[in-house]
Amino acid sequence: MKIGKSTIPRTRICTSDEDSIRVRGEDLCLQLIGHLSFTEYFFLLLTGRRPDAACKAVLDATLVAIAEHGFVPSVQAARMTFAAAPDSLQGAVAAGILGCGPVILGAAEGAGRLFVDAAARMDQGASLEEAAAAVVQPLADRKEAVPGYGHPLHKARDPRVDRLFEVAREAGADLRHVRMAEGIERAIPRIVGKDLRLNVSAAIPAVLLGVGFPLTSMRGVPILARTAGLIAHLAEEAEMPSGFALSHQATLHLESS
Amino acid sequence: MKIGKSTIPRTRICTSDEDSIRVRGEDLCLQLIGHLSFTEYFFLLLTGRRPDAACKAVLDATLVAIAEHGFVPSVQAARMTFAAAPDSLQGAVAAGILGCGPVILGAAEGAGRLFVDAAARMDQGASLEEAAAAVVQPLADRKEAVPGYGHPLHKARDPRVDRLFEVAREAGADLRHVRMAEGIERAIPRIVGKDLRLNVSAAIPAVLLGVGFPLTSMRGVPILARTAGLIAHLAEEAEMPSGFALSHQATLHLESS
Amino acid sequence: MKIGKSTIPRTRICTSDEDSIRVRGEDLCLQLIGHLSFTEYFFLLLTGRRPDAACKAVLDATLVAIAEHGFVPSVQAARMTFAAAPDSLQGAVAAGILGCGPVILGAAEGAGRLFVDAAARMDQGASLEEAAAAVVQPLADRKEAVPGYGHPLHKARDPRVDRLFEVAREAGADLRHVRMAEGIERAIPRIVGKDLRLNVSAAIPAVLLGVGFPLTSMRGVPILARTAGLIAHLAEEAEMPSGFALSHQATLHLESS
Amino acid sequence: MKIGKSTIPRTRICTSDEDSIRVRGEDLCLQLIGHLSFTEYFFLLLTGRRPDAACKAVLDATLVAIAEHGFVPSVQAARMTFAAAPDSLQGAVAAGILGCGPVILGAAEGAGRLFVDAAARMDQGASLEEAAAAVVQPLADRKEAVPGYGHPLHKARDPRVDRLFEVAREAGADLRHVRMAEGIERAIPRIVGKDLRLNVSAAIPAVLLGVGFPLTSMRGVPILARTAGLIAHLAEEAEMPSGFALSHQATLHLESS
């Protein structure tokens, strides 16, 4: 069955012929390989623009911040998958990436939307406090979580948050969304009734929006970062297996239930 | 059902408590975020060591070289998947990564094994020519492809190959495996009977082995790199859809068969 | 990092010890293998109940109806993935399943929700016409599609729809949701302004709700069915490859754009 | 980049136009929906033939036997994935399927190859004992596992094995490969030095080869079966979450290491 209109597929990212490959208008071999870091290239691929120094510094910092956090569920899923199918590294990485969903890592985009929404209200004359309250209140009314606030382990502020803000400040990034992220943090106890601190998922859009990283690709940052962490875990799994041991431990106290 | 011995899962990559996260023995917030690039961090995650300058330059170059090549099959699969399930970015990325298998991207590890095997023969006294012939001959005898040689589009040497070798040379990397890759290229016409040139999948291990990147993680390089390319294609798909158009075009001339 | 409360995992589906396996309270070897069809077992696994004859007939019919429709995008994605990674059948199946998202196959659950919502309105005294209009109008107001209506190929009513309704009728199923599905079809031209006919995605919940299949598992039906179709396509791909040819054809008219 | 020869994609499975869908030469609506069970349709999709009564009985029995076994690693991976990305049922199913690899479920094809190989030796005059020994000896010499023999939980013969053999016998299936499976079981203690009993992964090809199920699609049976089990587990996860609890329990005794 044919699906899709009879249109011609198009991409602006890459063209190639037998002798050359052009990415975003630049010659891959002459202008890009050896001239950009992988992080800079990721930004170029996404946006068509080369990042400036602040953007590079902040994007590197966010990717480093979110790549790894031990035996999180997606890492466990990937290691169990690899233990069961060790000849398919790509399958185990894919299984891990599939857990990069809204609950665990997807808050980055949701938090980013809050900041952009609140910033637009400030542009229209609202104070920081008013704008923060205006975006938190509807979530509280619907009893929905505020994306990017609260953390199962780090009850005080996630230590990565301050460090990311510091990197953004040192890099000379626009700090408007950082201030908004903190304004929302201050508004939450009063409106939501709980002291939920900024976590790394909110800090990422707060700093990335200030260096021109597109909101619509925010979820790509944890996905790319976690891929690096997953590859490291699977390399470790190949040499020092834990996948089946994790599965075994997980069900140790099951029979008695 | 419980599977796996009753052992305790272990990882050496990351430990954390409520206040801090340590990765490979270093404090994530104090020593890593803002101090390393994502590429350097990937190497640290994988190996437990920080890369030196040559390693960083070469690893960045390989990730840039392999991240993107237009509408390749895995990108098509990812864009079709995203068109059908647009609320799951992670699912579309996973679908694309699943195509990073032996045929398309997996040659990197296979080629790396050839170079390591051949280098070991040189350590035992073989000449470059003898070592190259010794690893190609068994493949030719079994009528198997030489992994990393030949390309459907780039009949002459893939333009990325020379550029990667140049970056390695400029960075001061050990060029032993580069010389071996070229020795094998010279041996192929005589032994295999076809003039198959080095492609990028062979160039990647040739340069990475010279900067201490582990052979066993070679397949992780194209997987991480392609994840960046996939995220860029899916951002484009969200704004300028081609997924269903690709599917439509693919079956345009089917009915008549 | 530990995620999740310190609770004990629980499942009511299966328990086992060294000598026996019990599924939904029945002994797998003594009571199930050889006594139920796979379709009946699927229903038992999902609900904890054995299906009656009508349920079995209708569930089989829906699974047969939706399993296969040629080179749809998810099949193309799976075949391209298998061509690139032929040693991982499970990876290619997974890539295909990832395209079983809201746009292509996910309408089954959405349509089912409409029918349940409309049926509840009839229970509260609305006529069929009023109930149908009441659930379509909000979608029209928000300019959203009515899930399960309209089809890119079958402009008249999808031929599978009438056949599924006929099977439900012959099996003695409750036809309430079938009548509602047709009531909505009649309401659409007036409210939406387009003559969108029932497609198979709406017919599936219409007949399954009448035999006690749970609404919340409706998306499982196309996923299970398509898995069978994908396995058949991948068996064909192994013997008569089309994956790369599909990819090639898809981009044949790209360069000129 | 275009990959793949400029050939026209072909499939023999399904053709369709605006009014009808034909699968394996039969009209989907007139001849298949309501006339075949899903299991029969799976066989038709795969082979182009309708199964006879013995084949239907045995294929149903194998699918029921392998669909579910509690919190196995692939179910755990799927439930963790769903807990993290609850709006993507297809993603969680895909994560579970990715664990249907060689170690856990892939033994079915490997065992099937042994039986076919051994049966061919009997056709050439070997006795059952000689044929069994001939296929086990090379594995023992290479210190490789005999696929389909031994089980982490069921040290005595897996209870599903006898039941599948019984179903095959009652259905009137060709029992040649069943006898070979048992011959290999008898040969293993002497040749391998361990008393490894037949597990369900070997019983599946033993009975399916006797009813004409193709060896090359043997891995499709556990994949399809487990998809049903995964969908049931994810329906349970939606109502009674265990995904994060599994992940938590798995790492309970980690810190002390």
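Order as written gives the chain letters A, B, C and D; numbering starts at 1 within each chain.
We adopt the following convention: contacts are C-beta pairs under 8 Å (C-beta built on N, C-alpha and C of every residue); 3 or more make two chains touch, one makes a residue touch a chain.
Being a predicted model, the structure only gives us computed values, none of them experimental.
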Neighbouring chains common to chain B and chain C, by label: A, D
Of C-D and B-D, pair with higher C-beta contact tally: C-D
Chain separated most widely from chain C, comparing mean CA positions: B
Rounded Å distance, chain C centre to chain D centre (Cα mean): 23
Centre distance in Å when chain A and chain D are each reduced to the mean of their C-alpha atoms: 37
Centroid spacing, where centroids are CA-atom means, of chain B and chain D in whole angstrom: 32
Touching two or more other chains - residues of chain A: 1-4, 8-11, 15-16, 69-73, 83, 85, 87-88, 90-91, 94-95, 98-101, 104, 153, 243-244, 246-247, 249-254
For the chain D and chain C complex, residues of the former touching the latter: 2-21, 23, 28-30, 32-34, 36-39, 41-42, 45-46, 57, 59-61, 63-65, 67-71, 83, 88-91, 93-95, 97-101, 153-156, 159-160, 162-164, 166-167, 170, 214, 216-217, 219-220, 223-225, 227-229, 231-236, 238-240, 242-249, 251-252
Footprint of chain B on chain D - complex, ascending: 1-4, 8-11, 15, 69-73, 85, 87-88, 90-91, 94, 104, 152-153, 250-251, 253-257
In the complex with chain C, residue positions of chain B that touch it: 1, 16, 70-74, 76-78, 80-81, 83-88, 91-92, 94-95, 98-106, 243-244, 246-247, 249-254
